[in-house]
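In the two complexes that follow, chain A is the common piece, with chain B as its partner first and chain C second.
Showing the complex of A and B:
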C-alpha cells in the first residue's frame, strides 16, 4: 500500500471527474469539462518539461497542432482509422519534440532564449500549415462525421468526457511515476542547477531530450482529442498562440512541477474565465484579460501555484530574490 | 522571374519599412541591454500606442506626426510606471518571471484593446497615405519615406541622449555595472524605470510613424513582437547599432520573401532567420556576448 499512496490523490481526482456526468447533464457543463480537461492534458505535457525540467516553452502549440494535423492527415489523406490516428498523432508530437529539442538544446539555448525559439518554431509550423496543400491550407481540415466508438467519435458528450478523463488520469499517473523515478530526479536536478547536475554525471542533453519528447507526445495527444471532439482544425487553432499560452498558464497557476497542478489550474482558469465572461456581458476578450491578470498575480504572489497553497510543506522553497546579480552570468 | 526594377523597388520599400521596424526593436534592445530582461509586452504596447494615435486623431483631429511629442511623453510615463509598479515588484528579480509577467501584461493589454475597440482592423488615412515619390523609375510611398526619416532621427536623438546627457550616462553605467553604479549614488530602480519608459517612448514614436500606412487591430502586437525579437537577436541583444542594421535587414527580408513566396508563405522568412540566428549565432551579428 505504501508505494501506492502517492497515486491516491490522482485516483481520487479521477473518480470525481468520472462521476461528474452522473450529476450534470447540461451540455454546456460537459463541453466546458471536455475542453478544459483537453487543455489540462496539454498543460501536463508542458509541465513535464517546464515545471519539472525548468525549460519554459512559449510554443507548445507546435506539439498540439502537430498531433491534431498528423491524426487528421492520417485519417483523411491516408485513409487509416482514428485509433491508430491517435497513436500516430502522439508519436508525431514526440518526433516534433525530438527535432525542436535536438536543435535548440544542442545549441545550448535555455531560459528566455529557449522560450523564444519554441515560439518561433510554432509560428513556422503555423505558416506552413496555412499554406500547404496536405493540411487544407487556410481553410483547414474538416474531419468527416462518422459517429462510432471505432472512429473515436461519440454521439454522447458524456462518453467523450469519460475518454478524456481516462486519458488525463493515465497521464497523471505516468507523471506521478516519473516524479519518483530516476529520470524525474535528474529532471528536477537540471532545473535547480544545470551545471551541478552535469557535474554529478547527469547527461543533461539526453534528459532534456527525453523530457521534450514525452512533453510533446502528451500535448500532441491533447491536440488529437481536440480534433476528435470538434472535428475541425485550421492553422490558427492548431498552431495558434492561444494554446501555447493556455498550457503554461494552467501549469503555472495550478502549480509548477506538481502532478495535479495543470488540472487544478486549467479548471480554475476556465472557471474564472467563464465567470468573467458572464459578468462582463459578452464584452469580447474579457476572459483572456482576466487570464493575463491571473498570470501576473500568480507569478507575483503564488510561486507554488494553487496546489502550493494546499500543500505548503512539500513544496520547494521559492527562490525569491535569490538571483545574485543579474547580467553577470 | 521578376524584372530588376520590381526587385529594386521592393528592396527600397523594404529598407524604408525596416527603418521603422528598427525603431520598434530599438526600444526592446535598449530595455534588454540595461535591464537584461526580455519584454514580451513590447508588441502589445506598440498596438496600444497605435490605438492611442487613432483615438487622439479621432478626438482632436491631430495628424499622427503632430502627435509624436504628446504620445512619446504619455508612453514614457506609462513605461516608467509599469516597470516601477508592476514588472519590477512582481518578478522578484528572476529571468523567467519577468518573461511571464510581461507575457501576462501583453495578454491584458491585447484583450483590453479588444474589449475597448472591437476586433475590427482599422487604418488611418491621411493625405499622404497613398501618395508616392517618384525616384527615377521607382515609386516610394511618401508615408514610408517620412516614417524612415522619423525613425532615423529618433534613433539619432536617443543615441545623443545616451552618450551626452547625465541620465544617459547613468543608464550606460547601470547597463555595464549595476552594483558599481549604485555605489556611485545612482538609483538603479529609477534608471531601470527610465529605460523602460524610453523603450515605450520609442514605441509611441514608431506607432505615429507606422499608422499612416500600416493597419492596426488588437492582435497586431504579436506579429510585431516577433519581428522585433528577430531584429534584436540578429543585431545582438542590447546593441543599438545592431538593432538599426538588423531592422533594415529584416525589412528587406520581409519584402523579398513576400515578393518571391507570396503573401501567406512570405512570413516564414523572418521566423526562419530568427530560429537560425538563435541556433547558430545567438550573440547576433553585432552583440558582444549572449
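Showing the complex of A and C:
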C-alpha cells in the first residue's frame, strides 16, 4: 500500500473533476472546464521538460499545433478515423520533440538559448502552416461535424469533459510514476546540476531527449483535444504564442516540477481571468493583464507555486532537521 | 588499475597539464599533491571523461578510456567528487544519493536502500530528509562522497574532500576513507592536508606546473628537494636545511 500512497492526491483530484458534471450543468462552466483542463494537459507536458528537467521552452505551441494539425490532416486529407488520429497526433508531437530536442540538446543549447530556439521552431511551424495547402493555409481547417463517440465528437459537453478528465488523470498518474522512477530522478538531477549528474552516470542527452519526446507527446495530445472540441484550427490558434505562454504560466503559478501544479495553476489562472473579465465588463485584454499580475505575485511570493503552499503546511518536516549539525565538535 | 601516459592538456596558450604520467595500483590509496594551479583538478577532469586531453592516453583496467564520455566511465566504475561541491541543492540528502544509486539499481526501493546505507557510512545517516542546501561545508563534502560511493565505483577520485574542514572534521572522515579501501575501492585523492596524505596514502605523485616532479611514499616525497622548492619557491630547500626548520 505504501507504494500506492503517492498516487492518492491525483486520484482524489480525478474523482472531484469527474463528479463536476453531476453538479454543473451550465454550458459556460463546462466549456470553462474543458478548455482549462486542455490547457492543463498541455501545461503538464511543458512541466515535464521545464519543471522536472529545467529546460524552459518558450515554444510549446510547436507541439500543441503539431498534434492538432497532424490529427486534422490524418482525418481530413488521409481519411482515417479520429481515434487513430488522436494517436497519430500524439506521436507526431513526440517526433517533433525528438527533432527539436536532437537539434538543440546535441548542440548543447541550454537556458535562454534553448528557450529561444523553441520559440523559433514554433514560429517557423506557424508560418509554414499559414502558407501550406495541406494545413488549409490562412483559412485553417474545419473538421467536419460528425457527432458520435467513434469520431471522438460527443453530443454533450459533459461527456467530452469526462474524456478530458480521464486523459488528464492518466497523464498525472504517469508523471507521478515518472517522479519516483530512475528516469525522473535523473531528469531532476540534470536540472539541478548537469556535471554532477554526468559524474553519477546520467546520460544527459538521452534523458533530455526522452523528456522532450514525452513532453511533446503530452502537449500534442492536448492539441488534438482542442481540435476535437472546437472542430477548427488555424495557424494562429494551433501554433500561436498564446498556448506557449499559457502552459508556462500554469506550470509556474501552480508549482514547477510538481505533479498537480499545472492543473492547479491552469484552474487558478483561468478562474481569476474569467472573474476579472466578468467584473471589468468586456475590457479587452483584461485577462492577460491579470495573468501577468498573477505570475508576478507567484514568482515573488510563492517559490513553490500554489501547490507549494499546501505541501509546506500538511507535511511537517521530521524533527530530526533540528538536530545539531554533525561534525561540529 | 589506472594508467596515465604522457597526458598534456592545453587551454589556448596555457599548458595546464604537461606530459604527465602516473599509475594507480589496484587496492591502493594514491595521493596527488602539488601547489595551487598545478593542474591536479584538470588531470582528474581528464581521467573522469569530462575533458579530452590534447595529447596522451588514459587506460583503466587495461583498456584505453581517453575520450570516453563521463557517464560511460561512471558505468564502468570510475567515481569522482568535485573540488567545488555540486550538490543537487533543491533535493533532499537521500534523493541526492539516490541519483547515484540508480546507476546500478533501476528499482527505487533498491536504490533507496543502498543510498541510506551509504549515507550511514559517511555520517549523513541522520540527515536523510534534510534539504541538501541546508548542509554545512563538511556536510556537503560528505554528500559529494556519498553520491560518488552510491555509484559503487571500483576507482574513486577524490578532489580535496578535506579542504575547508576543521581538524576535528578531518579526524572524523579519515577512517571513512580508509574503510573504503578496505571495501576494495581503489582511491586516487588530491589533497592539501598533509597530515591526511601521510596517514592515508601508499604512494604519492607530485604535480607542479603541469608536470609530475616526484613520486614515492609520503615520507620520501615530503623530504624531496624538488617538492619543497615547488611549494616554497626556488632555493627554499637549501634555506630550510640551513635554518633547521624541518617542517613538513
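Definition applied: the second predicted complex is superposed on the first by the 312 of 329 C-alpha atoms of A that agree within 3 Å, B and C clash if a C-alpha of one lies under 4 Å from a C-alpha of the other, contacts with A are read in each partner's own complex, and residues count from 1 in each chain.
The criterion applied here is as follows: a residue touches a chain if its C-beta (ideal position, glycine included) is under 8 Å from a C-beta of that chain, and two chains touch if they have at least 3 such contacts.
A quick note: this is a predicted structure, and the numbers were derived from the prediction, not measured.
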- Query: Given the touch rule stated above, what does A:180 touch, chain B (first), chain C (second), both, or neither?
  - Reply: second
- A:56 contacts which: chain B (first), chain C (second), both, neither? first
- If touched residues of chain A are counted for chain B and for chain C, the larger one: B
- Task: Have a look at where A:145 lands relative to chain B and chain C in the superposition and call it first, second, both or neither.
- Result: neither
- Query: Touching A:112, do we find chain B (first), chain C (second), both, or neither?
  - Reply: first
- Message: Contacts for A:201 in the overlay, against chain B (first) and chain C (second): which applies, first, second, both or neither?
- Response: second
- Using the touch definition from the top, say if A:28 reaches chain B (first), chain C (second), both or neither. neither
- Message: One more residue to check, A:155. First (chain B), second (chain C), both or neither?
- Response: neither
- A:193 contacts which: chain B (first), chain C (second), both, neither? second
- Kindly list the residues of chain A that each of chain B and chain C touches, one partner per complex. 320-321, 323, 325-327
- Message: Help me check something: in the complex, which residues belonging to chain B touch chain A?
- Response: 35-36, 38, 86, 89-97, 99-101, 103-115, 118-119, 178-179, 218, 222, 226, 229-230, 233, 262, 264-265, 267-268, 271-272, 274-275, 278-280, 282, 290
- Spell out the part of chain A that touches chain C in their complex, as residue ranges. 180-182, 185-186, 188-189, 191-193, 195-204, 317-318, 320-321, 323, 325-329
- Message: Quick check: in the complex, which residue numbers of chain C touch chain A?
- Response: 48, 50, 69-71, 74-75, 79-80, 82, 86-91, 95, 98-100, 102-103, 106, 108, 111, 123-124, 126-127, 129-130, 134-136, 138-139, 142, 147-148, 150-151, 165, 168-169, 172
- Query: Can you list the chain A residues touching chain B in their complex?
  - Reply: 56, 58, 103-104, 107-109, 111-113, 115-117, 119-121, 123-124, 127-128, 130-131, 138, 241, 245, 248, 252, 280, 283-286, 288-289, 291-296, 299-300, 319-323, 325-327
